[in-house]
Amino acid sequence: MSTDKNLIRVVEIEDVVLESPSVKTFIFKDSLGSLSKPGQFFMVWIPRKEELPLSIMVSDKKNHAAITIRKNGYGSTSLFNKGKGDRIGIRGPYGNSFSFNKSHTKIIFLGGGTGLVPLIRLLYYIKQHQCKFTFILGAKTRSELFFTDLISKWTKENKIDLLIATEDGSFGTEGYPTDILKDFLMINKDIDIIYTCGPEMMMKKALDLAIKNGIHIEASIERYMKCGIGICSSCCINDKLVCVDGTIFNEIEIQKLTEFGVCYRNKSGILTKF
Amino acid sequence: MDYDIPIKIAGLNLRNPVIVASGILGLSQSIFNRLYNLGAGAIVSKSISLLPRDGYRNPTIVSVDNMSYINAVGLANPGTESFSKEISKNNGPLIISLVGSDESEFSVIANKFKNLNILGFELNLSCPHVEKMGMEIGDDVNLVYDIIKSIKRDTTKPLFVKVGLGKSDIIEVAKIAESAGADGITAINTLRAMKIDIETRCPVLENKIGGLSGRAIKPLGVRCVYELSKSLRIPIIGCGGIMTYEDVIEYMMAGASAIQIGSLIGLKGIYSIGKIIRGLHSYLEAADISEVKEIIGIVHR
Amino acid sequence: MDYDIPIKIAGLNLRNPVIVASGILGLSQSIFNRLYNLGAGAIVSKSISLLPRDGYRNPTIVSVDNMSYINAVGLANPGTESFSKEISKNNGPLIISLVGSDESEFSVIANKFKNLNILGFELNLSCPHVEKMGMEIGDDVNLVYDIIKSIKRDTTKPLFVKVGLGKSDIIEVAKIAESAGADGITAINTLRAMKIDIETRCPVLENKIGGLSGRAIKPLGVRCVYELSKSLRIPIIGCGGIMTYEDVIEYMMAGASAIQIGSLIGLKGIYSIGKIIRGLHSYLEAADISEVKEIIGIVHR
Amino acid sequence: MSTDKNLIRVVEIEDVVLESPSVKTFIFKDSLGSLSKPGQFFMVWIPRKEELPLSIMVSDKKNHAAITIRKNGYGSTSLFNKGKGDRIGIRGPYGNSFSFNKSHTKIIFLGGGTGLVPLIRLLYYIKQHQCKFTFILGAKTRSELFFTDLISKWTKENKIDLLIATEDGSFGTEGYPTDILKDFLMINKDIDIIYTCGPEMMMKKALDLAIKNGIHIEASIERYMKCGIGICSSCCINDKLVCVDGTIFNEIEIQKLTEFGVCYRNKSGILTKF
């Protein structure tokens, strides 16, 4: 078998987990993916339909990898509708990864929606370290919450606090996860780093809070992707290519990205305001 | 490192002959600046059409073995209006690639760009996977002639014409381009190609057919440059499968005055630009060649 | 191992779809017999001209990276007289490849072979490196029509027409061939290409330009077969860059009824023929495909 | 650097030895060639002129290889005229090699002209074995003899008898090397194997003598070569491709080759009588 990660590998879906009415996790055999670092992504081919960038999720099975998809438009729905035994293509892992510094002991994860995926993978990898982890998670409403069971399971063995915000208050705090973050940072002054992934406006607020509080932050930025290998520039933000220079940027890098939280390029490449 | 291997082509002075090909990181002024800072002698933009184009659905770019790709991006681009704003403050060595379907369209596009601070234009006659654009025009020699004539009427900036291996004779098309006033020829573009995934029994690209680039096409590109440089007086920019500085030399010996790199950037990243220029530099020094033009077309002598 | 994956193409029953391409070990009856014993479904001879040809001086075949070659053998062949003696006792599945420069020449050649015990003919319209033969004829559609008509008048044996990517539209040429009575199309031949050695500053091939074969051209071949099978009713033999049984499947899914292998034999030796057939066999068994024709052109459905 | 032996490697000639007025040995750096087995050959590219198959000669220098060329027609003369510092291209090593069986103790080498080259390489490799070597060597006339000094040098340290025939009797025995062989086999009944390379008629006679005397023989056959890799069939003899199935064949194989000593294919592929 070829080991060129850029050649599409067709894999068979072995397991499906329904995370919420609109979110599924697919598990399949893939050694390259099983070795990926937290924050990396696949380009996932849904034959005859689409190819989408998707963060690599955690799988407990050896030599296996997983992806988590939220049903939305054409491509994501086509994928969502796949089931056990169906075949999809993957290439990658692509992109850089979250960094973990062993001197950091107070760590916040801030995520929403499928932005949780890379954070879950990161948590999975570092949870056994002697740190205090706070996982802040947001959703529109209770039924759209997912991964909470997974995190809760881990909280039993590790020092993990799970804080949840729903916009409609149907679960946890009412409001945005950044509201929780703000309050949390008022009380907890010694946070080392925030890892975040999710809606760009959320990450932008988190960045502002981090900078104000002198905390490190790493955010995974999402942009429209075609190639995933730094050739097409569809994913560019300022002079960076999200697919190869990112997707993860720290506060020093992000502060230079004037387009962050302001505008993105649409499919044709036109710079468009959020 | 100052990236200096000066060349002159079609009246332009470039600091070195390594140009970033059209469609490769070709949409953003910030990226153009970065490419320049990393050494590029010049940069060709994505092919710009009159109106914005979303291009095809993904997959649009697929790797095939041996350092090659098949792409059917479908000429996704922001269109003339938006792109002219994008580059309004440009002061780097930028060449705008143009694509369109008739004389009048090209005229509007060229007029929009001609007063900007750019080096010149490249006319994309050879995109192999978009109907009524690119290749299909390139195959109609009368249309080619008229389009070039009209662009040359609109602007005094140099115009390169990019040709490919399609349904017509590349040398004939290039000669027509020369006779219509083109200042240089870029050869070659990608070639119509296809990849089928046998497990899922379907073509991989959403558009089914795309253009082959990368290592696989180098011997074809070198041959075209060799043959073109025999038949033309205007300079040639070689393109296709260049991965190393040795490849640059090979193209130049075949007759290219400058070269473009594309797939290399996907394979080896953005820093490969500087690497190839440094390699070229060392080679010229070791071979005691003071001006790169000494080797241009040397195999013809 | 009985090498049995029976197919029917242009009225011929072959024991399997793996055919040895023209120019590959194509000169000797003893070798043909050996190829047959090693599994080949059929064998195409070297392209035979009216008179013997010495071909070009060496180097005639040069490796380029990625399992590809550029060759300019110059159609070296023993000529019609000598070759008809060579194969006078043939009883294997042999197809004679013909090359020539006009109708009358082909007529003489075809008449000389038609009563031998052979499967049929392949008309080489696409040799990219010999003037006034092959490609140059292939580019003249009227000539193509006349030559095919005349051969079909001379013999009732099936005639395959081998097309390539030259200066003209491969689909147009194939359609003309079909309309003139061709029984099948072989696609593709090699593509004009060149390799320059930068150390000695000269082309490697003695003829300078040759034809690119091997891995590099597979995506082009697959595309051609795909497009041709959309436009033609006669069957297509796929050729170009086939190295594995997966490649055979890819070509068949694109629309090929049989395939030819060439460069593979240089790369992996003569026993690769059997290997590819065994691979195909296992694949079909595993995929529970009882007749190979089930997958022919499946991507079109 | 590439390790694909089929890609032409341009090498610089480092040393030239004039073996006779019309024979030269060129030495150049080439690790692949330095490791070649006795009997293998290179395809040697003389830029802008020709490419010729040439047996690989012995070089004492580490990582070096050598070829020996006899000036004849266009290609060989172009090569002969090269000198120190000139560049040529090589690919290979190609072909099989002479076999050496340790139970063989009485060994004959029979060669003429540049056919000596692979024999010299073989002798070089096996000369330290406790065998009795007889080297029979033929030439038209004294001035065309070469490699005799080399062999003589080795005879001092090893059990090597050197027997020479010249057609005009200007040196050694008058006649052909096969005459010597014939006489030699009459007296020496326990020869194990004959290694031969040279004119096909000489090898044919040697084959007949070997078979008659029940001795093994290995002969290196020469045919017109284009590709060297078994694709063009210009080198075929019966159903064998000399470049890949050979160039060395033993008595069992050769006896099936009805074309051996009878006919060869010319450049156009026509079977031609010798």
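The first chain written gets the first letter, and so on, giving A, B, C and D; residue counts start at 1 in each chain.
Note that a residue touches a chain if its C-beta (ideal position, glycine included) is under 8 Å from a C-beta of that chain, and two chains touch if they have at least 3 such contacts.
Source: prediction; values computed, not measured.
**Student:** If you walk from chain to touching chain, how few steps can bring you from chain A to chain C?
**Tutor:** The distance in steps between these two chains is 2.
**Student:** Hey, how far is the Cα centre of chain A from the one of chain D, in Å?
**Tutor:** About 67 Å, centre to centre.
**Student:** What whole-Å value do you get for the distance between chain B and chain C if each is reduced to the mean of its CA atoms?
**Tutor:** A distance of 33 Å separates the two centres.
**Student:** How many Å are there between the centre of chain C and the centre of chain D, using C-alpha atoms for each centre?
**Tutor:** Whole-Å distance between the two chain centres: 36.
**Student:** When the centre of a chain is set as the mean of its C-alpha atoms, what distance in Å lies between chain B and chain D?
**Tutor:** The answer is 52 Å.
**Student:** Please output the residue numbers of chain C that touch at least 2 other chains, ranges allowed.
**Tutor:** 64-65, 202 - these are the residues of chain C that touch more than one other chain.
**Student:** Considering chain D alone, which of its residues make contact with at least two other chains?
**Tutor:** Residue numbers touching two or more other chains: none in chain D.
**Student:** Is the chain-to-chain touch network here best called a line, a ring, a star, complete, or other?
**Tutor:** line
**Student:** Between which chains is there touch?
**Tutor:** A-B, B-C, C-D
**Student:** If you look only at chain A, which of its residues touch chain B in the complex?
**Tutor:** Residues of chain A touching chain B: 2, 4, 6-8, 10, 43, 45, 47-48, 50-52, 74-75, 87, 89, 91, 226-227, 229-234, 236, 238-239, 241, 244, 265-271.
**Student:** Quick check on the complex: what are the chain C residues that touch chain B?
**Tutor:** 64-68, 70, 165, 167-170, 172, 191-196, 198, 201-203, 208-209, 212, 215-220, 222-223, 226-227, 246, 249-250, 253-254, 295, 298-299
**Student:** Would you mind writing out the residues of chain B in touch with chain A in their complex?
**Tutor:** Of all residues in chain B, those touching chain A are 23-28, 30-31, 33-34, 46, 52-55, 57-65, 69, 73, 76-79, 82-83, 86, 197, 199-200, 202, 204, 206, 262-263, 265-267, 269-270.
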